[in-house]
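Letters A, B, C, D and E mark the chains in the order given here, with residues in each chain numbered from 1 onward.
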Amino acid sequence: MDVNTIAWILLLLPLLVAAMILLGLKRWSGLSALLSTGSALLTLVLAAMLAAGGSDAEIRSFPWIDLGQDTFQVEIGMTVDSLARGMMLVVTFVGFLVHLFSLGYMRDDRGKSRYFAGLSLFMFSMTGIVLANNFVMMFIFWELVGVSSYILIGHWYQKASAADAAKKAFLTNRIGDFGFMIGILLVWILTGSIYFDEIEAAVGGVTNMTLLNAAALCVFCGAIGKSAQVPLHVWLPDAMEGPTPVSALIHAATMVAAGVFMLARVVFLIEAADMAATVIAWIGAVTALLAALMALQQNDIKRILAYSTVSQLGYMIMAQGLGSGGTDAGMFHLYTHAFFKALLFLGAGAVIYACHHQQDIWKMGGLRRKMPITFATFAIGAAALVAVPFTSGFWSKEAILEAALREGMIGPYVLAMIVAFLTPFYMTRLLMVAFLGGTRSDDTENAEEVGPVMWVPLALLAFMALFSAYGLLAGPLLARGQADVGHLFGSFGLTATLSMLGLIAGVAAAYFLYRGKKEEPLRIRVLARKFYLDEIYIALVRIFQDGVAAFLDVVDRYVLDPAITRFPAMSAMSAGRFLRVFQVGNVQAYAFFFGVAVVVLIYFLVL
Amino acid sequence: MSLIEIIVLLPLLAALTIALGAPARLTALGSSVVVLVLSLFAALNFRFQVEGAFQFESSRSLIDAAGMPEISLAFGLDGISLVLLLLSAIVLVAAVLVSPRENAIVGSSRLYYLSLLLIGGGAIGAFCSTDLFFLYAFHELALIPTFLMIGLFGRGENRVRTAWTVTIYLSIGSLVLLVGLLMAVVALGGSTFAIADLAALARSPETGIAAERQTWIFFLLLVGFGILVSLFPFHGWAAPAYSDAPIPVAMLHAGVLKKFGVYGLIRIALPFAPAGAEALLNLVLVLLLGNIIYLGLVTVAQKRLDRMLGYSSVMHMGYIFLGIAAGNKLGLAGAVLLMFAHGISIALLFALAGSIRERFGTLEFAKLGGLAANAPRLGLLFGFAAFAAAGLPGFANFAAEINVFFGGFADAEGSLGWLQWTTIIALWGVVISAVYMLRAYRSIFYGPAPAKLQSKADLAWPAALPVLILLVALISVGFVPELLNQYIRHALDGFFLVTPG
Amino acid sequence: MESALTLNHFLFVSGLLFAIGLAGVLVRRNLIVIFMCLELMLSAANLTLVAFSRFNLVGGEPAYDGHVLIFFIITVAAAEVAVGLAIIVALFRSRHTTDATKINTMKH
Amino acid sequence: MTFLFYIFSALALIGGVGVVVYRNPVSAAFSLVVSFLGLAALFIQLNAFLVGILQILVYAGAIMVLFLFIIMLMDVPREERKRLPYFGLAGAGAVVLAFVALLIEVLKRTEAGSARFMPVDTPGGPGTSDVHRIGELLFGHYSFPVQVIAVLLLVATVGVVVLSKKELK
Amino acid sequence: MPVYYLEIIVVALGLLMLMIDAFVKLEDKRVIAWIGMLGLAVVFVLLFRVEWPESTDGAFWQFYSSGDQMALYFKGIAVLTTLIVLIMAADLSPLVVEQTASPAPGAHRQAGLGEFFALPMFTCAGLMWMASANNLVSIFVSLELVTVSFYIMVAYLRRNVGSLEAGVKYLILGALSTGFLVYGFAWLFGITGSMDLGEIAAALAAPDMNPTAALFSFALILVAVAFKVGAVPFHFWIPDVYQGAPTPITAFLSVGSKAAGFIVFLRLAQPFLSSGALAEKVTLVLGALAALTLIVGNLTALPQKNFKRLLAYSGIAHSGFLLMALASAPTAATANALTPATVIAFYLGAYLLMTLLAFLVMSTMRQRVVSEDIDAYRGLFKSSPFLAVTLLIAMASLAGIPLTAGFFGKFFVFKLAVEQEQWFLIVVGLVGAAAGFYYYLKVAASMFLEDPKASAGGDLAVPIGAVTRIAMILLIIAIFAAGVYPNLILGLLR
């Protein structure tokens, strides 16, 4: 099969499946689940073929909106280059595993088929983003992933919290997309094109730097929303209301990474706009730090992971902010992170599943003995996350930090280092509280190891978490340069030292602090409450949206409408009532008016 | 009797036969379906290679007295009117399907269906007329039927008052409009009412209208058409009308009839008074922001679905105006496509709102909830509709809005003018509409269901038929905008393009 | 016959008469009297006509068209009076009044 | 000559005023007769002999008799002495005065008005009076309007008959 | 057939009817009405068969305009109106009898009915003569014929206080206006030395003409004509008289006398409009009159509750629109500009159709319901849909909804006004038309949207006479036909 057909199948197959489930197969949920999973497997294979093929291709297809070449044309077109291939592989791989895992996790859920339809829809949208060769098309699928995540987060829609979380996620993303769209438009008027290749060609010629920076930042807004960067990060932790596999797939591995991917896609733009680049880097770093801090005090296992995700995304964004120097590092981290974070989430999922949907780590404990495989894999994932040397996470994080140093972004670098200390701390806390020590609730009392359909994916992911950075595996993923041991010793320097110190310090601190504790030893309210950001945002919405809206509603009802509708009507009516006064019914009065009129008439005409 | 004449006159004749005693629902349904089929047929036989404005033309002269203007019963289709014809036909069929059976109607079912046909037929006639006089006259045809429908079959205790408001408001609008049109015609020689000829006259510099007169004409047309489209300060009638009117009327009015105003602006105001349009551009921008932002926020504040839908439909008019304000090919194409998309989607939403009320007896957000469990099919369809209205890709609305937004930026040479800033602000409306749509969906279908709503009354397939018709139209155009875009493009190619403000 | 009188003399007198008639219509209450005043106005008009037709001569003679019009006016006046008085009588029969200010049941 | 004019016009005007001021309808009617006599005299002074005669015959004769007859028939009470509607009077007076003022203004401006009357040569030939001339005109040239007037009179007759049918109690 | 036979035939018809009434023993005197209808129908057909004499010398043609399509058109209006008035009169004959017949022993139980049918014929003749009167004398006599006959018919129901009161009011004010008319004629004759409108126009166009006197006479004449067409501020009689008069006569007044009034108005105003020295001021005054009429007519109608009075005010409002047309007489005739004459003629044609339709419904209702309030029509749609829909159509046309005859009327008026750039009048006209939508639809609202009064109950199911029904249907068809195909009426003007 040539690249073209593969790409098309990759794109359309999931859509087809979703449609089929939606239209007919709803009743037979088992069948639809299998169908969906099967399609995921198929896409994985295709993605692998694509990756193996290694041939770039630019696929321009039928026009979607066409007002003639001169004015405007949007084509459904696809770019297959190393970036796309790599991302595609990761997406399909994680996607397939999540499908597999879900088969078990969602076995007896009422809305099983709806769930799998959602997954397929997501796969479709994500593929679209990855393969898109122009901004508009990317924006289209950008929105669609938003929807699929809305559907999946709100899967248990009768839980008010889930429903609200879904809404919150979608709206927050919409705000990001608002900027994104403006960005696209600005880029369009600056470079006269929406196709990435043409933009890349034209961006050099742009003279209006302020506008270019603005454009880049607006485009970045999209990433802020999708990749949950400060200040739009609030939706991601809430999104954990969705089924855990979803969290693993969408809110850890792939969708949230879309922002990073998009930035990598338009790296030339960031290159051109320095100011924007700096901002991006800083935002990434700050996000990483704040998220890490918030993670310290969370008790819900999934929320901890969620904040760590945000923090890791911060790394990646920061890397993108470094421009071409850092974009590869960023993508590298994206890949590795996809694996180990998916692993962690699925692990958490297994735990939650085993503990009858108990998510509070302080109510767990001692799971190491009850579910050894899960523990092992989870530990591996954690190790990768905290960047224990020679795990995949280690290499990718090193790459980012070095890049930051190389690009001379000292501020972000420092922040990133602090994060490198915080991450080990809260992960250790998680591991110790949840898995070590003794059980603290009967939920966990009779927890037991999950079945193969669930632990096989864990195992596979654990493998990737360890080795995905190494040549053979990283080969198809990365455009240039990859990690190897030689590289580490070759450029062993400040960065490596600091991060290792951070690692050791973090682990140690957490170990001594949480050893054998039954409940939270140190309480830092501001962190537990996530810097009160949610509260602040809610207040803002109340005032600046609902408040204003209510006010305007009153204005519309009781000021504008009366002024424009009622008042003229009333005045006409009362004028009529007044005029009736002259109709007194007395002939002589009429004759009198008659006479007056005559006089006036004559006066007017004659004089 | 040419094809187009049949299309236009069939609904009216059907109305007449109903008045004379034909079975109401059957006749209405039959005629509207035939109209739909015929318009699809027309669409398929549209000749793209032919240059120039109108096709399927037919004309009968009505006045040939000395010193009298030449008025003729003339019909024809170009890309734009074809799209709107399709819109009208589709929504008309859906509306008839949605309306209750004779025995379920309190009062005269004849009058009910007759009025429906008159409203729909009026819209179709207006879109198909190539003569200014009838373009105006056909639209007015809907006035009294609307009045009676809202007053007789409407809902809510103050329906009569609403009927009054709507009727008087619209009639005032059309009076202003009439004067504007007459001014334009007179300024163009006053001898003919054929739109094509007038446009030709307006284009040529020697017969064109003097600039400052153009400003006045455009202003009058803007106000006149604006009132019909519920442009910002003149929107007072719309929301109550839609919430109190019977569902089919709401569908036809919000979906089809309202588009007449915008159609008129594109078809008449822009080509006849381009200079006026340019002069008043900033005014238009302010007003359309009023629609999008001000009314958008008002929409957010609504507590009942039908009122919310009413306001939202008013709000979305702003985007159509944005496309017109852009005035370039891109914007106009977007505007026309958006007319179609919005028409279908709002009709869809009203239809669904109707069935929700029918099943659960209320549309107050506070009293509803968790219906997705009771009525999953309803939930699914409404979800589609809501997302469509929120401008989600895959639905026609998105394709149209994209055009509009790009249109807004099309003429900015590397810097931002008023139009661009307006577009940027208008973009925020996309967020707003997402807010109220999702809120509505959340509070009706998600969350725990109130105890008394446990009735399992999902949408049965026959009842779902009209909804599906609309949905199919919406999605197919959403996936392949070219379906309609080709017509619009053809029209705009032959269209006197306005120099953008 | 040489005369010192000008047209204006007659026009003025007729105008005054007309005005007096009008005044009567406005102030008198009795329908019959009002009616008389209307007759007064008519004959005032007649005077005007006569004066004018005496003024613009045709072939040395008064323009007799004016006189003819007067003839018609008088006839019409007669008819009007007949009908009018009949109506007034009928009203008087049913209402026992001829007071103009009392016939105002229909108003506004 | 002028002297006579003043006499007669005074007669006409005073008669008119009488109509307006006399409370008693009968007196009003008689003063109307007086005014008509004055008018007739003025007509004759303007060589309008036939019209003058008609004025006396038809108006002073027939019409006024009819008036008096009706007044007697209904023995209309003299307008009872309730307080005068001063306001109405003032209004009416104002209107009338304004009218007169305007009339004077108009007369001032019609330069033709200040011209003397041309002498009239007596209607052509012996034995022909203006009666003769008007007769010719009326039944020759003006025969059509006369027909119409005939219809009018017919209608009036019918109307009066219908309206004043006697009601039997 | 020579054109002047028409009036003669009508008069003869009237006489015939009188004779029959007097000498033929009829069980049911409505036969007389039917004869009249038949005759008028014939006359209406004959209207299309007239021929104009090739030589128009001879005294007659100085009083009777020749080769005048407009006149013929207005004759047609007169005939049609009278025809329908007769239909109504026949329908309402029981009421007429009850209000007039004297219980004298031996008298026919329907005594006084025959005259009621015969008088309109003479009025009709008068209207027809007015239509082609082109000379002060003929204008005066025909006008007076119409006026006097109306005095009688308005006051006809002599046991009905309202009718008599209306009669008196009409009489006094009518006589007053006649006074002004005559005085004005006297002046006009005086300064132009002629009775013939053609010569008068020439005299007024002459340079040595004295504008003051001319305008003075115009003012006086204007008063009278304005009174006839019910232009503000000479409209006060209209509501009261309309309310008091028998319904058929009200219809006759509001259509026949107004139409005739307008053509006389046109004829008399023409010389002044065409004289360069006077045109400006005259147009201005006409404009002012139009504006006043529009405002008062429309706004005063808003709070009306009595249907007859409502129609009265609507009549005033329509006069406003007609005056608007008259006031925007083109100063310089441009190529394809409308002329006030055509517009007014068309408007009156449409006005006839819709107003008479409304009155037909009203008189039909009057047989069953005594009250003439709009409330009396509540829920009519439920009890007798045909009447309701008919009235609805009439109201729609009066309000000027497109595709009805009424709209074309307004349409032309506005176009004319726009051509002459009468912006102020246009604004006033807009306000008026908007108000019109309200008060016309108010009737529709009470018929369709409200439930029948408990008292009136179901007995609103009014029986409709065959002739009446046919007339209604024909009028409806005509309204729509003329609303889509104006040539139907415009054709008659050529």
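The definition used in the following text is that a residue touches a chain if its C-beta (ideal position, glycine included) is under 8 Å from a C-beta of that chain, and two chains touch if they have at least 3 such contacts.
Please read all numbers here as calculations on a predicted model, not as lab measurements.
Counting steps between touching chains, the shortest path from chain C to chain E takes 1. Common neighbours of chain A and chain D (chains touching each): C, E. Of the two interfaces, A-C and A-E, the higher number of touching C-beta pairs belongs to A-E.
Most remote chain with respect to chain D, judged by CA-atom centres, is A.
For chain C, the chain with the farthest CA centroid is A. For the pair chain C and chain D, the distance between C-alpha centroids works out to 5 Å.
The distance from the centre of chain B to the centre of chain E, with each centre set as the mean of the Cα atoms, comes to 42 Å.
Centre-to-centre separation between chain B and chain D, using Cα means, comes to 71 Å.
Taking each chain's centre as the average of its CA atoms, chain B and chain C sit 66 Å apart. Residue positions of chain E touching 2 or more other chains: 137, 141, 144, 148, 151-152, 155, 158-159, 168-169, 172, 176, 191, 212, 216, 239-240, 438.
Counting partners per residue, chain C has 21-22, 25-27, 29, 34-35, 46, 51, 53, 55, 65, 68, 72, 76, 79-80, 83, 87-88, 90, 93, 100, 103, 105-108 as the residues that reach two or more other chains. Residue positions of chain D with contacts to 2 or more other chains are 88, 91-92, 95-96, 99, 106, 109-110, 112, 142, 145, 149, 152, 155-156, 159, 163, 167. Pairs of chains meeting the touch criterion are A-B, A-C, A-D, A-E, B-E, C-D, C-E, D-E.
Chain D makes touch with chain A in their complex at residues 88, 91-92, 95-96, 98-99, 102, 105-106, 109. Residue ranges of chain D in contact with chain E, taken from their complex: 106, 109-112, 140-145, 148-149, 151-152, 154-156, 158-159, 161-163, 165-168. By the touch criterion given at the top, residues 335-339, 342, 381, 385, 389, 392, 396, 399, 401-403, 407, 411, 414-415, 418-419, 426, 430, 433-434, 437-438, 441, 444-445, 448-449, 484-487, 490-491, 493-494 of chain E touch chain B in their complex.
Chain contact summary for the complex, chain E toward chain D: residues 11, 18, 59-60, 62-64, 100, 102-104, 111-112, 115-116, 118-119, 122-123, 125-126, 129, 137-138, 141-142, 144-145, 148-149, 151-152, 155-156, 158-159, 191, 210, 212-213, 216. Chain contact summary for the complex, chain B toward chain E: residues 19, 62-69, 71, 73, 108, 111, 133, 136-138, 140-141, 143-144, 147-148, 151-152, 160, 163-164, 167-168, 171-172, 175-176, 178-179, 182-183, 185-186, 189-191.
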